[in-house]
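These are the structures in question, set out in turn.
Two complexes follow with chain A in common, the first pairing it with chain B and the second with chain C.
And now, the complex of A and B:
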């Protein structure tokens, strides 16, 4: 569903993303881990179209979207959530999600409204539908990020630390939603620092370091890789299996 | 799946519809029973409401703080003059003014959209000055001293006054009603999202640039119509007057006083501004002192404008553009 070859982006002299290749099949989850500053969010911004790549090629369902804008990529089936939630603060939760249903999924009228409401139900936000998004607490902001992305009817869903800042009690709910999304056939790319949460869901894992792919494979294999342990897991190595 | 349904009208808005429609009918019939002095005053007021609504569309909904809308007002004004010079009926020039201002705004947008924030504001002002300087160079339209519109003398004074009044009323209904319908549409949803978070809007499939461009062109067309009406009313075009930056100051004043980002606010702001203008006109420059004082007071005590003050920040909308979900569970809570 998502095929990326040689994706590269520099800021000044620094290669933040360096010749990254990745493939995500329909109905599978690719987890991305890596130390802070490894280029994970930049990679996601390149995939989503918020940033343009200096070199490389991005295909979404066989269609070349390398030069398409973020808005055009969204309409082609690329949904994304932001690490720091970016709600439309002056709009209600429902209206926030409706933006995705109307502009991302190109639905109209009652069809769009039903789809938006359904996204709220899937993310347990329906009771907050009329709340101003700016008044939401962190967990609900994370849910809203997810609900908006889902309302775009994504074929590829990019998640940027959707679990970041949440408690262990709050995590399983979001993981459950990701599982449902995958079961519906969507390809998911999920960046997360909470490695044990990621390892529970992902089919394949990719470790990024200094902008380049350090290791890719099953979660077990990647986390057992000595170089991955050295650059990323370090002292946390005992913790990931929790 | 769900029994929730989405409502867009509220009880207040239904009452408002019941008031607004008869009000427009009464206003439309006004030339038949009110003296010409009253309708002439209302022409000025209606033009101000149009200008305020357009500036609100730009800034309150499109997030574009323009200080150059007088450029399009001037273009609208000169469209009437040119139409008159080539022998067209000056009234026919009102819709043409919208078209011309909109057409000029389209290439202008490619220039000024390269700028953001304060630079955008100054950039639009510069563009308006360029329009003024170009106009002054054209001798056929009177150069720096302007010219008079003569074609209207074919009409009897009473009829002329009434038709100008109807033009102004039609422009007001089109501006306020148009902004209302626009904000209820897909584009309105996109604009509100862009205003709050442009990057996220982009990621959710909103074409940020083209949405802003449409708003910029529409607001220019509206200001062009207002300029045309102002000239029909005064029968004279002077470049320093129609291209004056004071128009932008008035627009900002009206919208900020009334309530930015609401349909109702600019209307209220225009009425307040017009009342102050009329009441204080015998006191010369004190008028500007009072305007300044009112603006300061509003900034201190009514930061969401008079409309925000009237509704006490509550969710009251005479012209609702949002969506409210009525879920079945809501009845029990």
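And now, the complex of A and C:
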């Protein structure tokens, strides 16, 4: 569903994303881990079109979107959530999601309203539909990020630390939603520092370090890789196994 | 009775100011651009109505069918080709662009129409009035203008709060980058918003041209009145713009009742008083960032 070859981007003299290749199949989840500053968020920004690549190629469902705008990529099926939620704070929760259903998924009228409501139900936000998005607490803001992205009817969903800042009690619910999204055939790319949460869900894992792919494979293989342990996991190595 | 008359005439005058201010309020609210050419565009619309009316021999109200689409198209093109690229140059760049546009428009109008004072021939609509009492009568045109101002502002408010394009404008205005990730093309959304604002400028130009006189250099004065109406009511609030226009109109006519030359001055003083007492405007919108 998502095929990336040789994706590269520099800021000044620093190569933040360096010749990254990745493939995510329909209905599968690719987890991305790596130390802070490894270029994970920049990689997502290149994929969704917020940033342009210096070199490389991005294909979404066989369609070359490398030079497409962020809006065009969204309409082609690229969904994205931010690490720090960025709701349209002056609009209600329902209106936030409706923007995605109308402009991202190109739905009209009642069809758009139904799709928007359905995304709220999938993320357990339906009860807050008429709340101003700016008044939501963190967990609900995270849910809204997800609901908005889902309303755009993504074929590829990019998640940037959707679990960050949540408690262990709140996490399983979001993981459940990601599982459902995958079951519906969407390809998911998920950046997360909570490695044990990631390892539960992902089919494949990729470790990014200094902008380049350090290791890629099954979660077990990647987390057992000695270089990955040295560069990223360090003291966290016990944490993921609990 | 003269005081009641002053207030009634002030409310009617306020309709004109509210109409002037619609486009300015919308452009500021959605695009965060202060359009310094706003007054000159209003004058341009009046001149366009004059030319079209003379060429086709029709009443100024009918020229709206030409002037409104013409200005909307001009607004779309201006935003798409000039203002949007300028927005990337920071907040000052669009201000300079609209200031330049203001100078260019004034001089082009002077070149084309000379400095003569004009007005749009409203015919019997302009002279007929309704006598409310023996001492108090209101002009039909003035009542119609106020009605149109209310209709335009209510229409804009509904457009922004209830429709898909309105949500697109609010989303893009709130966070353009995130809006793009939801499939919204910010350049197009801004262009549509500007087109709608310019359509209201066209309406304001035609009605003010019928109610009073205009010259190619009247624009900056209209801009000031529009500004005052927007600020008195509260930036970013369309209801506030209506209230601001009415307050400004009443202040001017009541001031003129005290002493004929005090009218405009009284308007400015009320504006300053509101700025000092409620810097956010009379109707401050709580949910704005």
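Just so we're on the same page, the second predicted complex is superposed on the first by the 242 of 242 C-alpha atoms of A that agree within 3 Å, B and C clash if a C-alpha of one lies under 4 Å from a C-alpha of the other, contacts with A are read in each partner's own complex, and residues count from 1 in each chain.
The rule is simple: a contact is a pair of C-beta atoms (placed from the backbone, for glycine too) under 8 Å apart; a residue touches a chain by one contact, two chains touch by 3 or more.
All figures in this text were calculated on a predicted structure; none of them were measured in a lab.
Steric overlap between chain B and chain C is present once the structures are superposed on chain A. Look at A:121: by the touch rule set out above, it reaches chain B but stays clear of chain C. By the touch criterion defined above, A:71 reaches both chain B and chain C. Of the two partner chains, both chain B and chain C are touched by A:102. Comparing chain C and chain B on the residues of chain A they touch gives the larger count to B. Contact with chain B, but none with chain C, is seen for A:94 once the two complexes are overlaid on the shared chain. In the superposed model, A:129 lies in contact with chain B only, and not with chain C. Judged by the touch definition given at the top, the superposed model places A:52 against neither chain B nor chain C. Touch criterion met: A:113 reaches chain B, while chain C stays clear of it. 48-50, 69-71, 74-75, 80, 82, 86, 88-91, 95-96, 98-100, 102-106, 148, 152 are the residues of chain A that lie in the contact sets of both chain B and chain C, per the superposition on chain A. Put simply, chain B touches chain A in their complex at residues 1-2, 4, 6, 186, 189-190, 192-193, 195-197, 199-208, 261, 322-325, 327, 329. Residues of chain A that touch chain B in their complex: 48-50, 69-71, 74-75, 80, 82, 86-92, 94-96, 98-100, 102-106, 108, 113-114, 117-118, 121, 126-127, 129-130, 148-149, 152. The touching residues of chain A, when paired with chain C in their complex, are 48-50, 69-72, 74-75, 80, 82, 86, 88-91, 95-96, 98-100, 102-106, 112, 132, 134, 148, 152. Looking at the complex, you find that chain C touches chain A at residues 164, 167-168, 170-171, 174-175, 177-186, 287-289.
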